[in-house]
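First subunit A sits with subunit B, and in the next complex the same chain sits with subunit C.
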Partner chain A sequence: MLKKEEPQDPSVAFRYPRVITYKHSLGYQSKFAHALKMGRIIATKCPVDGRCTIPPRIVCPMHHVKQTEWVDQGQRGKLLSAFKINFPMFDSRTGDLKSWETPIVSIELEGGARMDGWCSETDTEKLKPGMVLEAVWRPAEERQGRVDDILYWKPV
Partner chain B sequence: MNGERIAIVGVGQTVHKSKRTDINTAELCAEAVEAALADAQMTMKDIDCVILGSFEPADGYSGPDKWIVPEIGAVGKAGFEMQNVGTTGGVVAATGFNMAASGLFQNVLCVAWQKMDEAAGAFGRGGGGANEYWTGQFPMSPITNFARRTYDYMTRSGCTEEHLAMVRVKQDQCAQRNKNAQLKLGLTVEKVMNDFLLAWPIRRLHMCPTTAGSAAIVVCPEKRAKKVTKKPVWVEDWFTCHQGGALTMAEDPQASTLGYACRKIYKRCGITNPKKEINAWEVYEPASTAELRWMEEVGVAEDYKAWKLFEQGKVGIEKEIPFNPSGGVTATNPIGATPVVRVVEASLQIRGDAEEHQVPGTINRALATAYGGQGENVVFLLKKTL
Partner chain C sequence: MARRVGIVAVAQTKFEEKPGVHIGELLYQASRDVMKQTGLEFKDDGTGIDCTVASGYDMMSGPGGAYMFLGYIVGAWQREDERVIEDGSMAVYYGAAQILSGHADVALVVGYSKETQIDKNLIECLSLDQIYQRRIGLDFVSSAALQAMRYTTKYGITPEQLAKVVVKARKNAKNNPYAYCCDSLSVQDVLRSTMLCDPIRVQEAKPTPVDGACALILANEEKAKKLTKKPVWITGVSSCYDHHELGYRDLADCDSLVTAASKAYKMAGITNPFKEFDVAEISEHYSYQEPLWYEGLGLCGKGQGGKLIDSGKTQMGGELPVNPSGGVLSGIPHCLAGMHSVVECALQLRGEAGDRQVKGAKKALAHGVDGPAGQLHCVITLEN
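Showing the complex of A and B:
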């Protein structure tokens, strides 16, 4: 006969230990990925206002026109913002919780497009909006056409 | 707007808590559904359409309607599940409104929930973000999103950390008067400024908590609404806006469709001075610091000057700008349900039923919003009379 007792903790735990590999097609954006392998950063340009965008877009989100021109964005940019994460967060590449020592920066490139990256300067006090940063790349043979082919950005 | 005029005739929500290990997810929903049906003086038999949803990854259930619909007694009703990150409750309500406005259904039940105590760390501690190729190298989360937004806001506006803390204290003061709010902390500016720094300038107290909670509303077309209740809350207009325009934070650190959506419905409703013509605001701010920019986007403050209103003590339940009188999202955040909570709270303000956190005077109009992703918004304009 069942005892009429309330369980102390009526929850049941499940874990989902599995590794899934997604193979996403990049489509027209593969041009950007190919340029990264060559150590170049390129962006699409809007024919209406000349704004360059990363991620590259086949259509300008603002003017709704086709963007066919690709523009080299150079190797340097000006710092827009920088911040450091002070607590462990998941690394989506490994699935592990880890500490993050390097700041995440937003940069406006010489060509006008903007992108995020890591920064070699770990003291955020020294990172002021407007200062110039330069891309530091993985060795050519290690590049995979991913945004993290740029290892980090260093102050010039 | 084309279609039938519609009104909210019943609202319900749970008491929001960090943990509800005493019940399962369906029972949590049932609490809000029962409250909304009782408020509408209906039973499930009256309901002919059910729209429901949660932000699935934060619950750990895929297609939860499969087991929640029977548990709330809604088998055989028309309807479906919605899922759209933080705006889930927003699209649940907007879809329910569309169903009622279509004239196809007479009594539409919208229910949203989140039971975040069941999936600790599933949300908020980072992951790849919206698109692994473009954002996967960074630990993306609402925390990093709002660190970047707030950094940008401070750079542009001249607002200091002290002003950010004033916003959080105001939210806490409101939450302390809301019987359903989760966090009631008795905060001071000093306490907030000395709290643990997650990612400058975001401290732990600036971020929304993890919450177990649910909210529900019943909505009807005009004729039916007038029969059902003496206190209908008319849905004057609503607008759901895709994020678009920015994927990475660098591309546009202030990416948001809130201002666009508000301008759109203000124009449709002939509102030229939102600060005067809207009497209460329930705006989804995942971080306290977002409240500043959101106040500007909805039109109660000039661009990059909202922080001055806090310095001048003009924001609060009895103040010039009653912004988030419920305490808002930094006090209570059952993610998928949070936008429905905003609609429920705005409705209570219009009905004069918000009890301790009721904004004084007649609330003729109230605005409720949803926020999700990196700047996606749903906006609802509610009205006391047609």
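Showing the complex of A and C:
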């Protein structure tokens, strides 16, 4: 038994520095990634009700039929919702805590699919549902087929 | 068992490195296959599939694989959709429980593994005790090495006996079109291969990375008889966890497997497993595990696993062929192995195992394992 005067540490801190690299197989989604490199947003379309989905899906999540058609979603969309993180949050790309100046927005694209991104307007008071936003891309040579090839969405 | 659970359809993908295939495509392929075989879809009126049980280890593959993709891929969206993040045999167990309880009549059980997406040792290390073991560098491979050393020392199991396990696995895999590794190996080839983690050599460990998926449809007795002419009945099922801490166990024995097997056998009325089973599919991630699991499964006495290998009785054509598919040592991925054992046993009992068929097989033994040094075992007995 421990004597009362012996120290009893309540916790012990271990750091786990490591790099975890996942090689995510894109499969059929490689079309979407390739389109991003080209500065385009495309989505899979349901053959039953015509709804477009991002992330693109091999089968329609709602009707469970195979989706084979890809539809261009345009460069603009309507704002559905927006929020700003007011405390330091992890940047999943670097692993660092950082403060986020840019709001995160959810958008319904011209083609009907919905996607999320960052917004250049940092004053959330000015972000109203229904307003039109436009994609601002990284320079073509910097694009890697990832969603952050779209730098941010800018109010039109 | 008061009620009976029948396996009415099984499917598997080819096991191989599939860097260009999305997890969703793997799941779609396997689950669509069993749905096509039975003509079943997801229905809310009790005429189709009632629920899903899925296994897959999200951290091992990157995305929340099972959570993100499964619901919509198999059509389980807005339906009961359970997850098992353990060996796939536990998903079969859970699916059987859903039916035994009367909660569901028909269940879809699916599992996937996408080992090409991650260096799995990075993740396995995190499965060990965070205060006392991780910092030593223990993971599943090194835990297995500790067990291999202890087991072979205590019972005098020889390197040659263990090498024969690998030779048998690869030879059997030649008859299995789904297998990953089916190269001809000699005992000397195995013994000369690079040391991976003393005393385990590279050829004595599960080949990695491998991707693949399996699926089964389970049904209650009444529906199973309507859905197929060749139902395979789950007659007994049990699992058992041992201590997580390696030092709490004698690694030379596998007490949790003894318990899991005896409970499953009791349920199935099996008293002499070696004589009664016609075929077995056992999850051996390392060569030493096959003789050790023989012992735990009661196929031979303690310390007799090496002699059973020597006897040739577990080879194709022997009294009890073990792993006609080639098993895990020919490349069945982590997490999927036990489900794959059930799938293979079902094919054997349906007489649909092709070139690896054990003629006239009536009773089969399927086994899955997870955790460091065989912490969790699951035993499923099957009959046609």
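Methods note: the second predicted complex is superposed on the first by the 148 of 156 C-alpha atoms of A that agree within 3 Å, B and C clash if a C-alpha of one lies under 4 Å from a C-alpha of the other, contacts with A are read in each partner's own complex, and residues count from 1 in each chain.
FYI, a contact is a pair of C-beta atoms (placed from the backbone, for glycine too) under 8 Å apart; a residue touches a chain by one contact, two chains touch by 3 or more.
Remember, predicted model here, so these are calculated numbers, not experimental data.
Q: Look at A:Met62 in the shared chain and tell me whether it touches subunit B only, subunit C only, both, or neither; answer first, second, both or neither.
A: both
Q: After the superposition on A, what does A:Ser81 contact: first (subunit B), second (subunit C), both or neither?
A: first
Q: On the A-aligned overlay, A:Val12 touches which partner chain: subunit B = first, subunit C = second, or both, or neither?
A: The second partner, subunit C, only.
Q: Identify which of subunit B and subunit C touches the larger number of residues of subunit A.
A: B
Q: Of the partners subunit B and subunit C, which touch A:Ser25 in the superposed model: first, second, both, neither?
A: Only subunit C; A:Ser25 stays clear of subunit B.
Q: Of all the subunit A residues, which ones make contact with subunit B and with subunit C?
A: In subunit A, positions 14, 22, 24, 26, 29, 61-62 sit in both the subunit B and subunit C interfaces.
Q: Taking the touch rule as given, give the residues of subunit A at its contact with subunit B in the complex, in rising order.
A: The touching residues are 9-11, 14, 22, 24, 26, 29, 53-55, 61-62, 80-93, 97, 100, 104, 106-108, 114-116, 118, 124, 129, 146-148.
Q: Which subunit B residues qualify as touching subunit A in the complex?
A: Interface residues on subunit B, with respect to subunit A: 21-22, 60, 118, 121, 125-129, 131-141, 143-144, 147-148, 151-152, 155, 196-200, 244-253.
Q: Where on subunit C does subunit A make contact in their complex?
A: 18-25, 28, 41-42, 61-63, 71-73, 75, 77, 114, 116-119, 122-123, 126, 130-131, 134-135
Q: Under the stated contact criterion, what part of subunit A meets subunit C in this complex?
A: My answer: residues 12, 14, 16, 18, 20-30, 57-62, 64.
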